[in-house]
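Down below is the structure, laid out as structure tokens.
Labels run A, B, C and D following the written order; every chain starts at residue 1.
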Amino acid sequence: MIAAAILLLALLLPSLPLGEWRAFLLDTAQFAFLTSALALAWDLLARSGQLSLAHGAFFGLGAYAAALSAPALGTLPALLAGGLVAALASFLLGLATLRLHGMYFAIATLAFSEVMRTLVLKAQFTGGSIGLPVQPAFSGAFPLGSYYLAVAVLALSAGVSLLLSRGRWHYAMAATRQGEAVARVLGVPVVRVKLLTFGLSAFLGGLVGGVYAMKTLFLSPYDAFGLGRAVEALVVPIFGGLYTTSGPLLGGLIIVGLETWLRLRIGEGYLVIYGLVLILAILFLPRGLVGLFRKGVGRA
Amino acid sequence: MKKLWVVLVTLLAGLSLAQTTLRVGVLLPISTVAGKAALNGVQLGAEQVNASGKVRMELVVVDDGNAPATAVPALTKLMTVDRVDIVIGGLASGVTFALSGPVKQYQPLFLCIGAASSVVEQAFSDYGRFFHYHPWDYHNVAAALEFFKYLYDNGARRVAILYEDGPFGSAGIQTYRQQLERQGYTVQAEPFKSGSGSFTAILTRLKAFRPDILYWIGYDVDALPIAAQTRQVGLEPKLIYGAPPAWPVGFEKNSLSNDIAGMTAWLPSVANAESRRFVTLYRRKFGEVTDEYMAPMGYVIALSLGRAAEAAGSSDKDRIAAELAKVQMDTPFGPLSFKPSDTGRTRYQGFNQSIWLQFQYLEGSRRPVFPPNRAARPLRFPGNY
Amino acid sequence: MELLLQTLINGVLAAGIYALVASGLALAVGVVGIVNFAHGEFTMLGAFIAYLLFVGSGLDPLVSLGLAALVLFLVGSLTYYGLIRPVLGAPELNQMLLTFGLSVALQNLALLLFGANTRVVSPPYQGSTIHLLGLSFGVVPFASFVLSVVLLGGLYWFLGRTRLGLAVRAVAQNRLAPGLLGIEKERIYLLAFGLSAALAGVAGVMLSVILYASPTVGFAYTLKAFAIIVMAGLGNLGGVVPAAVALALAEALVSTYLPGGGGWVEAVFFLVIFATLTWRSWRAA
Amino acid sequence: MLRVEGLSKRFGGIVAAYGVNLEVHPGEILGVIGPNGAGKSTLLNLLSGLLRPDAGRIEFLGEEITQAPPEVRTWKGLGRAFQIVQPFPEMSVWENLMVGALYGKPGTGLKQAQRVVEEVIALTGLAPKAQTPAGELTLLEDKRLELARALATRPKLLLLDEVMAGLRPAEALEAVELIRRIRASGVTVVFIEHLMPVVQALADRVVVMDYGQVIALGHYDEVAANPRVREAYLGRAR
């Protein structure tokens, strides 16, 4: 419900009478959508019990692959290529980390990101540390092109997330997360579940990176592969509500909105308030924002 | 009675004609040292302009967050909500590059304070309202090379370069290597990760090379570790020469800083009238002296804008741009005027390599030592490390 | 040969700083089971305490060590009471977000108070070096290494030989049902978290001498410290120094022997971690 | 039905299973007993695929499954309930059972799985607790859930690891009844148990393990009379 409402609003936002704030809101919203989409992708993986710190890397791989292939392939195939490159990387990473859990998994994925960043930094065809200029989406033919791409990626992420939160996959992922050995003995194909969610999650992360690149028009390894992005992908779902679709969706919009608002309002030092808000959220909303709406007992 | 009204109206009309009001967007990473200094400078400059009474500058300050994802919406807000026609900003190269899209879309007069990377020059090459005050990276290289030539004449032959592996350190590294070799130097270059604080291993590697000059391109966080560990490894170069955008606070009071040379566009001790004036004004407003050259840079941008607006007698961005293109003024950095850039890609380039000066930490303060016409003291070479 | 020896020394000395930052983290994770993202900010507080005392009253950072430990112990205790205790039973991810929020708030508070500037302290021994048999040892890195070994050794002794320490270990190994010797779990957690913060304070003072003090000084080393304690095995204090030495040696060897190796240091560090973790997980099967 | 030949597993220097030979007949209830550390749980972990053997082979319904992963064994009809109950804590009882029902046999649809869950819930008396989160159950309910979940995978052979540990005598009796009912529905049962009365009441045959080896096999009374078994249980101070 919440998800559908947000997506509808996102679609209609450009045609609403927003007055002078229109362009600013559209820009901010676009980055917020990307934040939400990356958070949804992260949450997808978390549902199968894998706490990734590699989503900065998937984002970066997707961004670079899309940026490099866009001149040859065109916008949409390039984005797809970005997603696929990220998915391929995640498949290899997932194979290696199949038996790691919790912090061990998290640090292994962090290590993966750092190594990937160094590779992109050292490679010649990526522009190295100088950075890589990127063509705008659809060669700039549509001013709102990248906005709608962001909406589309968000919708896709939300759709996948929603689809996997019910039916067979929901049970398989939740069981894998809550007791991997038991799940296997009950017949859940844990390896397949883990690798598939990894691939899907990374694919979405790669798409997000591609759209981001086509909006900012410039990539550098320290920005695209930043640890900050991986941490944000983790903060947003916890803040919004883990293992849900509306949680990361709403969480991303509110966190980006809050941050923007605080920056405009307070200016210097606004991040102090931001940090305090996160602390208070955990103390008083242990199940995230969506905990406000759902009073029922522990749904998986 | 009627007459009085007429007089009043004429007076008011005359006043409003005489006073041009400018709304200026300021887009800087205000949580970084350089960004904060730049903002202080712009504010100080705007105050000076307003005090003259002919032009009223209203600043709309926005944090660019030092990140593309923050800077792009922030620029959009300046253009559409605050409806400014003129933007001062663009400190970091990556962020400025990301701004090139929306800048071309909204067509402001863009006064660029930093962004030395020539990648940025390319991005703005077809944009006519782009005024770039800061020298480009090739200017920086040229200035440093002049100094190296001087050192070569004084017997230096081997240069070890330590460069951080981000865009700041890596951008000019190939040019440096080629040019230094052309000057007759033997060069060994090693990258490092800025802020890691561990240089002993790389410095140990360089020991076999026995460099005369240890040239490092990194950030303020690397200054002390390099100074300390060069000694700990026993490298004993004849000169440690650093090129960070800023130096640590209080570094001059640390005995390890002694004899270390560096490059900057400005020092508070620079002896020209404009510089002294800036230092006085800055101290009066902020109660301290700044070492950051971004402060006078911001100040110069605001002053030059005020002067152009006064000459244009209008707040129209194109008329101001036309006047700005003709501005000739003295600044803390020396004379400022706009010419097409050396590569011919952009039309309005403010400063070039001539603003750079080399200094050395000597007896607890930084003193200009090169070029000779601006030197306050002779260079101590070889230095003692 | 001399180059190799010097490289090994460089690696071991660099490991001292890593181990120092990692030790407090290992204690918090091992005993309280809290992944404290704000550990780096505790370190940063230690660095600023050293800086302020040095600039304000000319106090040598060595003297500040004890004071920083004390102040940070208090900060840690307060953090435990105010923030950690309420979420002890919450999911791990909630705890992470909480400490992440604390980290953001503290870092930006410091930014607000002190600005983003890099600040240095200047004790007379900062660049001092011991030369021995053609090899050189930086005095401060050497002291850090000794300090980290002594502190970790002391901690090890405390946990293995004292009554209170044994109680801490008992609590650490069975978080749900202590009921041991009448010592409350609560007080042990408080002690452990306070000690963890105090260790961060000590590390911070050393960082201020080796590197600098700034709101972000804690970040670079804390990330690596996390990696180190994970490589050592969570809760395995004895593994911290060996893990730190292994990683720092890998770094030193790469930067000394590989042309342009300085740019690969991070990658090698994390590659070693990645390989160790995954290899271990597959071997254990 | 299940044939084990020369199964061995060591952990470092400790031999947890050595040359275990065993045959389970269709429809029987086989009890596995032995002192603590005799290797009973290791044997079950080897059978269900959570551990890979160092040597030996396992055959189930005529197919070799020695290297097959746990989920594949489950699909073939080899079910398993754990000693330490490990329900998925954030799921309700119903959802816990759905996992087993959906994945225990490949190709099970949601509708079909729901029917299976309803049956299992009725069999195990968990109906009143169907919507309770599994984290909030009592020990007895936990044990029932553990058993029910294994049943939901529709096994042909069910491996039970001390499912009665910690139960009161009356509760244990109930459980004995339940296991008999399970067998009556056509499921072969292999169970590890410490409570001798339970073993005596349930088991058609008994396997005795010690030091990772099978030291006796047969009817309860035969085995109980075996001197090696008596020594293993009484002769050593453990």
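Throughout what follows, a residue touches a chain if its C-beta (ideal position, glycine included) is under 8 Å from a C-beta of that chain, and two chains touch if they have at least 3 such contacts.
Heads up on the chains, UniProt names are A = Urea ABC transporter, permease protein UrtC; D = Arginine transport ATP-binding protein ArtM.
Predicted model only: the values in this text are computed from it and were never measured.
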Checklist outcome for this item: Contacts shared by chain C with chain D include exactly A
Checklist outcome for this item: In the contact graph of chains, the distance from chain B to chain C in steps is 1
Checklist entry - Looking at mean CA positions, which chain is nearest the middle of everything shown? => result A
Checklist outcome for this item: Of all chains, the one whose CA centroid lies most distant from that of chain B is D
Item to check | Where chain A and chain D are represented by their mean Cα positions, the distance between them in whole Å | outcome: 42
Checklist entry - From the C-alpha centre of chain B to that of chain D, how far is it in Å? => result 74
Checklist entry - Hey, how far is the Cα centre of chain A from the one of chain B, in Å? => result 36
Item to check | Where chain A and chain C are represented by their mean Cα positions, the distance between them in whole Å | outcome: 31
Checklist outcome for this item: Contacts with two or more other chains occur in chain D at residues none
Item to check | Junction residues of chain C, two or more chains touched | outcome: 108, 111, 263, 266, 285
Checklist entry - What parts of chain A, by residue number, touch at least two of the other chains? => result 121, 268, 271
Next on the checklist: Strictly by the criterion at the top, what is the full list of touching chain pairs?
Outcome noted: A-B, A-C, A-D, B-C
Checklist entry - Taking the complex as given, what residues does chain B use to touch chain C? => result 31-33, 36, 162, 165, 189-193, 195-198, 200-202, 204-205, 208, 219-221, 223-225, 227-229, 231-234, 246, 248-251, 253-256
Item to check | Contact footprint of chain C on chain A as seen in their complex | outcome: 46, 51, 96-100, 102-104, 107-108, 110-112, 114-115, 118-119, 121-122, 227, 231, 234-235, 238-239, 242, 268-272, 274-279, 281-283, 286
Checklist entry - Within the complex, which stretch of chain A touches chain D? => result 167-168, 171-172, 174-175, 178-179, 181-191, 297-300
Checklist entry - Tell me, which parts of chain B touch chain A in their complex? => result 30-31, 61-63, 65, 67-70, 72-73, 76-77, 79-81, 83, 93-94, 97-98, 100-102, 105, 117, 119, 122-123, 165-167, 169-171
Checklist outcome for this item: chain C residues touching chain B in their complex are 3, 6-7, 10-11, 13-14, 17, 55, 108, 111, 115-120, 122, 124, 126-127, 129, 131, 136-138, 140-141, 207, 210-212, 214, 216, 220, 251-257, 259-263, 265-266
